[in-house]
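Multiple structures are listed underneath, in structure tokens.
Look for chain A in each of the two complexes below; its partner is chain B in the first and chain C in the second.
Coming up: the complex of A and B.
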């Protein structure tokens, strides 16, 4: 199978998955107890007022009519209107996307910067204090719940030491960079960075720990292979053996995992966003669930699902391209 | 871009630079899209707020910057405003944002007493026919500079009660009975109800903010995205779900305010709000959990402000099923629980014990009624008397909806279960599914025994008694002909004193009948910065115009 056919097949599969996500997310509303009218109507609303609200929201239509209306709307980029605020759901969901992507990318960078050196040190100094320290860190990092870590960081770094702000995102990366480029003003980037550090550390800790373990075990696997003995026998310096040959081979599965984790992070930053009042998709989904704003819940989940599918597809294609051992089947 | 909070805040100057950058990027985007910046048809060419603000940057000096910071207040709620349309919601967090800029016909003092709003005088013209007349003050202008007219006020009222005028307002039931509003000259308005309406002034003191008819019509679906009110603050910047920034409206008709800039934002997680206060980033945070109150009190520069709210917690027992059809059994449930201990231990004292549906200070509150005392022996005897000894009951309670809800429910079910002749299980429920069963209009599908909270911002007993004990209401959980009669008598009584007496009698009867396990009046617990001088309100509203600066 050619690369083009492979890509086309993966894209088609991705579209099918997205359609499945849309359908499941749409049907969720009907299997969940309660009606969206409860979100709009006050607790003491009369049955007549509730009926009028249901009619205004189009909830008095049969399910299949609502479903096809929704699908048709999505094809035109229309996710409906928020039951609570009456504003277009697509606008609200996509307005939150940059904050979530920024956080996901920053957390991935944190993971990359800390995990690979730690993993390498751990593998090359096996059973030494550095290895024990790195494996202990990875164990603690994997076991620590995000919400607890976030709250602790806020308490220690922000409240007690006063080093960084507790929460929020007063400026996005793009406006901050625009300030820097157009007005040579660094305060925007500084503010962005100050607000980003704690959420990125919180979200990135788990992945740092995960990749430390992956790097360590990958390195140890590779170090035991015969080509390593061959390169050593050729008289290559140990540094070259480790970093040019062993680490490069270890990185192939790590890159794949990182790509997949980025997709997970887009949807998985919910708790971190909640703790830091980060105005991303996660906070939007939680608030929408609390207020039963189904159009926002549906829109957010579809975007998260689509993001995951797109990243996965891109990683599959990339992996197939860079790894000649992959067969397009 | 959201203005960063004080403490390590981006100063106003920096903030304005951000705004300038946003303008620059917008201009760049405009150029890239090939638009003609001089195009007279382009609505964006109108006076641009960002441009004005960017100019200000050059003029601003450090002193001005400091002044701005000193008179700016940040208020962090648990939930942000869902809309800026004052008539298309019924949530306190939304009210808190909107009420900085919108005003109603009447207003309330922090303790709930009715005071002047846009109207300076109000009277019944014909109580039997439900006609009332409001007189309005002169010199009121909307934030767009237009004068307030009586047509605007009439339109605002009709927009709530008549869906043909604009929207299906969730506040429609709050002005129930009102059917028409007509200007009576240039500074008065006559409001007509469909009969006797003893609640009319109470309702107008809590609901129906005044909007400008032409502006509202012009905004159409966008009316929830902007504000054009008559209040002391005008909207300066707003990002949906994130924050709203208000600045002083210079042409406001009322007294000058001390706080010149107010930023409303939100943090759903309570510890985030508390930490934000402790770090000096917020000046007022709402719903401080009782367990965090000592942290706030112990910190230099912050304190706790707690006030009884308009919300009461209770546990209805459906009297059309066994064993709750027995008044003795229902009374026994009230005697079985140690309410004082629950309030002290679970709510850290932030609550008042209740013994009737009506809260203290409300019209119709009966001062002679005391909460049921803790008397497990009496409870045991009453259960035996009821003939339901050995009864097994199940309490349905929401988690996370009200202050300490599930902990209170656990304590109550524990106390009941401790009785030797009754056993009680607790069923933790997701609030919306519980509410759905309660509100479906069918009494028989409601749980037999459940926990709920009820907010009544009208400061009148009827708005709790009617929904819960009136015949055929969505929330009815108790069937009693005598209560129906008392409600009808009160609602058709034009004389205020006689009506209040009837409501007090109703409360006495309900205390004896014990239709609920009477729990506590919820407190609003705020963490506030010492730089503020502010008295918290009973109706949970946080109004910057009532704040002073130390």
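Coming up: the complex of A and C.
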């Protein structure tokens, strides 16, 4: 199969899963006891008023009509209106998206910066103190609930040392950058950074730990292969052997695993946001669930699910393009 | 289920690995603590004693400001409070003993972790075996559905499901109190039923994927063909040939999943979605609001989570190294 056909097939598959996500999310509401009318109507609403609200929300239509209405709405970027505030759900969901993406990207950067060197050190100094330190760190890292880690960081860094703020952040990345570019004002970026450090560390630790484990075991596998002996035998310096050949081969499978772990990253982001009052999708969805604001719940779940599928598809396509060994199947 | 050779491997690996020994002992200890909580906990974990609230743990002293009448006038008095052996982990804002709460919290975590994993394993393995063994349309359909399930982060899916079902809970009588072996302890404890179902619903996919892969690789083997040719039924072949060959990776995954589900349960309790108020995650949420004054309320239950999950993950490493040296890398995800 050619690369183009592979990419096409993968994209179609992704679209199919996104359609599945939308359908599952749509159906969620119908298996839930209670009606969305409960969230909107006053407690002492008369049956007539309830019927009118149901009609206005389109709930009196047969389920397949509601389904196609919802699907066509989504295609036009319409997720319905929040049952609680009356604002368009899509506006609220997409307003929260940048904060979540910023957090996820920052955490991934933290993870990449710390984990790969640690993993390499761990594998190349096997059974030495540095290896034990790195493996212990990674074991504890994958075993620590990140909401607790966040709280402990707040306790130590903010409460005891008084170093970083824990309040809801006043400025996002884009406004901060605008301030920097148009008014040469650095304070915005500085405030943004100060609010970003603890959440990024909180969310990034699990992934740092995970990638250290993967890099270590992957590199140990590669180091045992015969091509390594061959490159050493032809007199290549050890650093070249390690970084040009072994590390490169180790990192390729890690990319796929990280794509699959994206769900964990988003799930972790949800609870990290809750701990740090981060104005992202996570806090939005938790609040919406508490208040049973179904349009917001559905909209956020679809954006989260679709985001996961899109990134995974992108990872697969990228992977196939950079690695000629992949069999397109 | 396990052959003599795998038992031998397990023992050999255990002898050679200090970590495996430590992990096994710790995990067994935590299990016993959860099982015999009423005997081990020094107090009833729900008894409030406002006079002794916010006491620091043993070896720590804090200064608290109180208002008191001194010479007929209201004045602020600084009082030095030191931790005592009566409450080695201190007390919470309502004066409940933290050690007893941590001990009872182990029950919630292990119950949800073990029963949730068992449910996920049984349903996931059944689906995966059927998909892998029959292949074709059945396989395609089931695996596409699994893909859709995987597109939702475990935690998000779990809170969405709890939003649907509500956080149902079962009050289970404590067998030890029921038998009259111990008094002054809660007669019932909360088993978070919905959370257990939900974590199973969220995590069965990982088992399905592994079981499917195993079934796919076994179904073409000569002995399966032979069994079929002498007239063995499909369900017989799956039970007698396909399943036993997949026990090892499923067992390793199950161990890691217990750890992942304990983390997931603590996250749900932390967010207040689990319906129980006697759990590590719930206590961390309580302590979060009192970090500046009583840091131990959030710290102690968190340490309990880390110790349990570390030891279970180490058990998983041990099983993996002993049973299947080829199985490296990360297992199922999930958790937070």
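Keep in mind that, in the parts below, the second predicted complex is superposed on the first by the 307 of 329 C-alpha atoms of A that agree within 3 Å, B and C clash if a C-alpha of one lies under 4 Å from a C-alpha of the other, contacts with A are read in each partner's own complex, and residues count from 1 in each chain.
By definition in this document, a contact is a pair of C-beta atoms (placed from the backbone, for glycine too) under 8 Å apart; a residue touches a chain by one contact, two chains touch by 3 or more.
Worth saying up front: this structure is predicted, and the values here are computed from it rather than measured.
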Who does A:286 touch here: chain B (first), chain C (second), both, or neither? both
Could you tell me if A:17 is touching chain B, chain C, both of them or neither one (first, second, both, neither)? second
Which superposed partner A:274 touches (first chain B, second chain C, both, neither): both
Could you say whether A:297 touches chain B, chain C, both of them, or neither, answering first, second, both or neither? second
With the two complexes superposed on chain A, say which partner A:159 touches: chain B (first), chain C (second), both, or neither. both
Who does A:258 touch here: chain B (first), chain C (second), both, or neither? neither
Does the superposition put A:134 against chain B (first), chain C (second), both, or neither? neither
In the overlay, answer first, second, both or neither for which of chain B and chain C A:104 touches. neither
Name the contact category of A:148: first (chain B only), second (chain C only), both, or neither. second
Do chain B and chain C land on any of the same chain A residues, and which? 33, 151, 154-155, 159, 274-275, 286, 292
Where on chain A does chain B make contact in their complex? 33-35, 38, 40-47, 49-50, 52-53, 56, 84-87, 92, 95-96, 151, 154-155, 158-159, 162, 164-172, 174-175, 178-179, 182-183, 185, 187-188, 191, 194, 274-277, 279, 283-284, 286-287, 290-292
Touching residues of chain A toward chain C in the complex: what are they? 16-18, 20-21, 24, 28, 31-33, 139-140, 142-148, 151-152, 154-155, 159, 206, 210, 213-214, 217-218, 221, 257, 260-261, 263-268, 270-271, 274-275, 285-286, 289, 292, 297, 301, 304-306, 308-309
Residue positions on chain B within touch of chain A in the complex are 1-5, 7-8, 10, 14, 17-18, 20-22, 24-25, 28, 79-80, 82-83, 85, 88-90, 163, 168, 170-174, 221, 224-225, 240-242, 265-269, 271-272, 275-276, 278-279, 281, 430, 432-433, 435-436, 439, 441, 454, 467, 473-475
List of chain C residues in touch with chain A within their complex: 144-145, 147-148, 150-156, 159-160, 162-164, 166, 259, 263, 266-267, 270-271, 281, 284, 287-288, 291-292, 295, 298-299, 302, 305-306, 309-310, 313-314, 328-330, 333-336
